[in-house]
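Let me begin by presenting the structure, written as structure tokens, before commenting on it.
Chain IDs A, B, C, D and E follow the sequence of writing; residue 1 opens each chain.
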Amino acid sequence: MSDTRSPADHAESPSPSPSPSPGRAPVATATAGNLRRRLGARSVWAAAAGLVLLALPFYLDRFWLQAGLFAMAAAIGAIGLNLLTGATGQLSMGHAFFLAVGAYGYCALAGDGSTAGGHTLVGLGLPSWLAAILAVALAGVAGGLFSPIAGRLRGAYLGIATLALIFIGQHVLFNATSVTGGFNGRAVEPLSLFGFDFDDTETVIAAVPFQSAEKLWYVSLAALLCGALFARGVLRGRPGRAMNALRDHSIAAGVMGVPVARYRASVFVLSSMYAGLAGVLLALIFQRTVPDYFGMVLSLEYLAMIVIGGLGTVAGAVVGAAFVSLLPQLLTRYSDALPLVSAPGTGGVSPGEVSRYLYGAAVVAAVLFLPGGLAGITRIVRTRTTPTKERT
Amino acid sequence: MASLQVHALSVGYGPVRALRSVSLEVPAGAVVVVLGGNGAGKSTLLRAVSRTLAFHRGAVTGGTISFDGRPLDGLGPDRVVAAGVVQVPEGRQVFTRMTVADNLRAGALGRRTAARADAARSLARVHELFPVLAQRARQRAGLLSGGEQQMLALGRALMSRPRLLLLDEPTLGLAPKMAATIAETITEINASGTSVLLVEQNAALALRLSSHAYVLEVGEVTLDGPAAELAASDEVRRRYLGITDEAGPAPASAGAGRELRRWTA
Amino acid sequence: SGKAKTDDGDKTAAGGVKTGAGVSDKVIRLGALTDMTGVYASLGKSVTQAQQLWAKQTNAAGGICGRTIELTVRDHGYDPQKALAAYTELEPSVLGYTQFIGSPFVAAVKQRIDGQDKGLVIPQAWSASLLGSPYIRTVGATYDIETINAIGFLLDEKRIASGDKIGHVYFEGDYGENALAGAKHAASKAGLTIVEQKIKPTDNDMTAQVAALKQAGVKALVISAGPRQAASLVGVAAAGGWNVPIVGNNSAFSPQLLATPAGAALQKDYYVASSALPIGSTEAGPAALAAAYKAEYPDAGLDNGVVAGFTAGSLFGEVLKKACTDKDLTREGIRKALLSLKAYDNGFGITHDFSDPKAPSTRESVIMKPDAAVPGGMKVVKEAAAAAATTGFSSAS
Amino acid sequence: MSTFLELLLGGISMGSVYALIALGFVIIFKATEVVNFAHASLLLAGGYVTATLHEEIGFWAALLVGTLAAASVGAAIEFLVMRRYRGQDQSVLAIVTIGVDILLITDLTRRIGTDVLPLGDPWGDRVVHFGPVTLAQTRIAAILAAGLLITVFLLVFRHTSWGVAMRAAAEKPETAALMGVRLGRVSIAAWAVAGALAAVAALFLTVFPTPGLERATSLAALKAFPAAILGGLDSTTGALAGGLIVGVTEALATGYQGQLTFLGRGIGDLAPYLVMVGVLLIRPAGLFGTKELARV
Amino acid sequence: MSAPWSPPPPLTVTDVTVRFAGLTALDRVSFTVDPGSVHAVIGPNGAGKSTCFNVLSGVYRASGGSVRFGAGELTGLAPHAVASLGIARTFQNLALSPHTTVAESLLLGRHRLMRSGFLAAGLRLPAAAREDRLHRERVREIAEFVGLEGDLGAPTGSLPYGKQKLVELARALCMEPRLLLLDEPVAGMTADERQRTAAVIAGVRDGLGISIVLVEHDMGVVMRLADAVTVLDFGRRIGGGTPAQVQNDPAVVRAYLGEEDPAA
């Protein structure tokens, strides 16, 4: 039915997995040299990209680092949403809720009980690394609590049911002041790992002053890498097949032995945990959690990410997240140099508006012109250059 | 005067070439059958006539189709229906969430004149052909059994009083008795003036019904002639009628020589 | 590495003036973090344009300290992520911020401002929760004080008396909740009871609230919400023949409302407390601003956002001048200069005292009333004064 | 008691406006299987055109033009965007409409800017008294208009072949085409009708007691989501029932927030969603929706 | 990991009744499938054959009666629980993901035999990789057996109908069933394809020794494969016995076969 599905299913076939799909074997032998060359090229590229990513904090200023950090956190959240919406076909508009659970969960678990803004804040004062892990687990639990709905509904019904989570979440964030700090949110305890604090105190490395952004860069990079690899493993393995089957034909999936409701609920939990992890990172980057952030617009942005990037794949989520979160920053930063875009207050189209136009259009266009999303472009190029085996 | 004329038709689905220069003719009032294995391009042929290839990302790449001398190329599917060419698609495709009665109403949508009396007459005729459709009028079509759905699909197509009926494997999955009933109905429909282009796997039945037959293989017409002649040809007897002249071990070509062991792990 | 730490500490430039981030020999760069495409777009637009006008006027008059003012505006659309990004982007290159809309976002960067950045920020929000920092300074009374003054006005006018119930419709968020704290304080002092109705910025129809408050038998209404909610509240109450006085905070009015069906009702018995004279006032300050603003932006409406933006701008100007005479245009110099402003009269009816970061710059409010005949739609009904209940009231923050 | 009645009536009148929005939503869903998240922008478009024109050409003419404009925007979305996605998965289409929504809302809010635009309706702030209960005239107009439009639509849907064509096209486009249904026309008509309904709803969302149309008006359309789901996405009756339930729940939860403080104040927005979740737990396809049939 | 192979227990269907609003699709139907046999269920369209399969595989819940597979009761179990007992089925109308490759579709059939969950797959534990390799091998064997070895890499949607039906069959075989339910496996195939598929089914029975319940309208195939036949009409059992008995049963001829010899 949908072309956007195809990437989920065979986008990543030329993979370095231990046993190439047997179906590919005849093709694979025919083009074995080709494949090996491509793999070689791929790993060189990956290594180069990795080095660049590692070196960036030494060159970028705080603004760009922060933009990059937001993009990485978004990528983690988007991977989670893509597992759910892209691979399992369960539409969720409530992703922002689980981001909030992660972010606030971390604050409450790591923070010290304190008074701020006239109310007492609950804080367990746990070691921050433990708090981060528990916050992710907490997001998973929140997802699990929603499983009576998540396991039974699908399509638009689930989409709108999850919208309820946004409203519930906002209500709680504003009203449960003792945990959330209310409208002004609460301060975020900096992460501390092995006695090393990821806060704004300056540490000078190679003559470059490292503040929170520089330090968090590596934490985020590591989290993103782990999250992406894990999701890729899930998608390519037994759970991934079951998830795609649920999306395409849930009765058949049940008959094949996939426990339908339980699987739907599990994917929901997994996706919530990704959101929770993204939420923890966002909290660390923001240094303060504010309720306004976790609204519907955020959920829609995540949906936009996976559609623009490509449904059902990890690469799609990452590319889409980078696109959606970096675009407004680029436009703002270079608004002077761009035609049509003008600085706010001067009467033209403001950078914020331009970026909204662009990503609205990108969502529409991605589905139409790039069935595999932005991440699918490489594949299209690849298939154009290598002749496909025609079916006889 | 040929009713439907297909000339040198080629169709492709993207890179897949599904039909190559196929020519075929359905004279007015005739029943013509197209035989062919899986993937031969039979459904593709009907889609090209009904102009629904676009739904499958396919396109006509060459050749012409005309009905009563009027070219059908470039028309929308609705105009083809209005011209009197109606297809019963492969796999029944009843509107599962609508009632049987509404399915029949949907069948009448394509008619240009919406005279009520006309519609009532068509409905009466369909109910006469398939009494079960009258009994189940209020039931959701999706809950009918396969055979019932096939009857509904056929009845639905008849609602618009077609001049040429395109049938894509109408007896697929039908009980022998039901297949016979459908065959009878096709003869009956034909007798009342509708030409029929029939695509069938059940070659024995199809050849009995038709006056002329074509054999389509991998997108090309490999044989054609009067139905009786084809029925007698060795090739057709072997491939489509499943009759082997020398009674010997069944030619279970595949599966034989291979064996499936039990799974141990 | 391009980022290797170089000494970017404060320098002494021409004229013996110490300078730091955002100040060169020719230019003083200031930032404005505004919302022109989000929920506070209407405020943001007026404030920004007024501040651009201020910068223009200042530069036309020769600038400050021999330097021209350059205002860099960033629109965050009330998105926390964009607000943070914009703050981070401008921080290294501006001396301070003439506006920062969205107090949650100000709160989000508070640690950074107080910790290492130390640039002066003038938020366009008057929540008491913003008090306390030497770098984040609001201009005017906080919402709680403003609300106390509004209720004090009703008491003074004998519209309500001890023992009465009054209804308070307020926004979820710091604006509403800070105002509620003030209302509660005023009520406890005067023996009133508050009946609360909390609403969200997306609620535009106050029918249900009016029904509930009417049922509760309140004698007056206080509204701490946006202009649209005020219009609906006033309109519904009047249409139902329920004649109670209604007072609101400064943000609970916009001149556009006078063109709506509620226009007539608004001019009847609705009052707004504010920390500045309305733009339509005939006093010199507002009149000059109104004329200049109209000339600069002929199509734009006049509202109190213009006053707020302009007063914030001119305060920054005043501080820069002071810092210039002190020969210290660094961020630290700015802080000191501001602290030394004890009786600053900006020509808008109220004298501000910035010597204590923990206290609002004034405890007085002007009481105004909508009037379609006046430009800006507001006229003064009571000159600046502080209600008795404000004395000794400390915004618990 | 009178408060209760007043809240109830207020809720019903708002609810009928929500029902109008939800109905448009349901129509598009029925005809094309698309969940139209761009519905809010149709609403804003209709309201905007009415608001900008009424001074020049008078209210009723402006309303007519506004309705036609929203219908055209709907038709344009179908023609320029949705049509090219035929055959895509439902969730993907829903996301596409989100993209469309972002585009349109950005553009409309840019045009509306910071203004509050009155619609120039003839009812003004007049109210009608029923004993102790007062109700704005605009609200009575809303109930009447919504009731009329919904009835007309139900009749058309049941008694014309357009309804059959719409359902057929929704379920199996290709087969419907084989029956002679002009798919393009069916879906463009559905989108246009939905747009028109949204424009009428926009009117009632922005007249007294609301001050006028402004950039955030589209947020009110969010209430139509729980309304449509509550009732069942493919049910016209459901849209009506859902709209009313949402309207009444919201009004009561707001009016009695003093008694519901344990839930936190300001629960009015949230209540419809809570009711919706409750209903979905018991009836996953909404109150009147058809359970997805599974026959294999 | 699976227990050493044991012959399938008998399947006993007793008085199964299924009602839909206003319609009794199955009316106290009983029959028994002997271990290792091929049992055909035939009957006119709408007789309730697929409904019977839906009950056996847990998709529908019977309103009454019981289905026992050996000692275990099947009614009331969810589909995946039925699957875990070693009962596999094919669908009358295809139930494949069109964009999924044949290989992946078949691996889905092995879901119940594999163990790696989210954690193992996500962390790419060696056990998961080993398991994957093992099962891909078996998939290839099964594909070869049914004649799909050349199509493993193709998306199922691009295959002709007949091959898609074979994918259905292979996917069911991939579940290593002890009881295989085939709903019209040769429908839509040409005569020689039918023969090939019938041979595959015979091969399954002979090679694996499992029980097969077969719904089919092609009497030629039924006669060739079936050890026993149950005939349904209007939800009721109207006959049964060996194929030969059934073919000459006047009730069956009247209701199902028709007067004319269909094998012509």
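By definition in this document, a residue touches a chain if its C-beta (ideal position, glycine included) is under 8 Å from a C-beta of that chain, and two chains touch if they have at least 3 such contacts.
Note that the structure is a prediction, hence the values are computed from the model and not measured.
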Problem - Third chains touching both chain C and chain A - result: D
Handout entry: Target chain D, source chain A, minimum contact steps
Key = 1
Handout entry: Far-end chain from chain D, centres as C-alpha averages
Key = E
Problem - Averaged-CA centre spacing for the pair chain E and chain D, given as whole angstrom - result: 47
Fill in the blank from the handout: Averaging C-alpha coordinates per chain, one finds the centres of chain B and chain C separated by a number of Å equal to 76
Completion exercise
Chain centres from averaged Cα atoms put chain B and chain D apart, in whole Å, by 43
Problem - chain E: positions in contact with at least two other chains - result: 50, 59, 91-93, 95, 158-159
Completion exercise
Residues in chain A with touches to at least two other chains are numbered 1-3, 5, 174, 251-252, 353, 391
Completion exercise
Touching two or more other chains in chain C are residues 37, 45, 172
Exercise for the section: Could you pull out which chain E residues touch chain A in their complex? Expected result: 57-59, 78-80, 82-84, 88-89, 91, 95-104, 107-109, 111-112, 114, 116-118, 120-124, 128-129, 131-133, 136-137, 139-140, 150-155, 158-159, 171, 175
Practice task
Using the touch definition up top, name the residues of chain A that touch chain D in the complex.
Solution key: 1-5, 85, 89, 91, 148-149, 152-153, 155-157, 159-161, 163-164, 167-168, 171-172, 174-176, 251-252, 296, 300, 303-304, 307, 311, 349, 353, 356-357, 359-364, 367-368
Completion exercise
Contacts from chain B onto chain D in the complex sit at residues 50, 52, 55, 76-78, 81-82, 86-87, 89, 93, 95-98, 102, 105-111, 114, 140, 142-143, 156, 160
Handout entry: In the complex, chain A residues that touch chain C
Key = 58-63, 66-67, 70, 117-118, 174, 182-185, 187, 200, 204, 206-209, 286-288, 290-293, 297, 325, 328-329, 332-333, 343-345, 350-353
Practice task
Over in the complex, which chain A residues touch chain E? Could you list them?
Solution key: 1-3, 5-6, 8-10, 18-19, 21-27, 229-231, 233-234, 236-242, 244-245, 247-249, 251-260, 266, 270, 389, 391
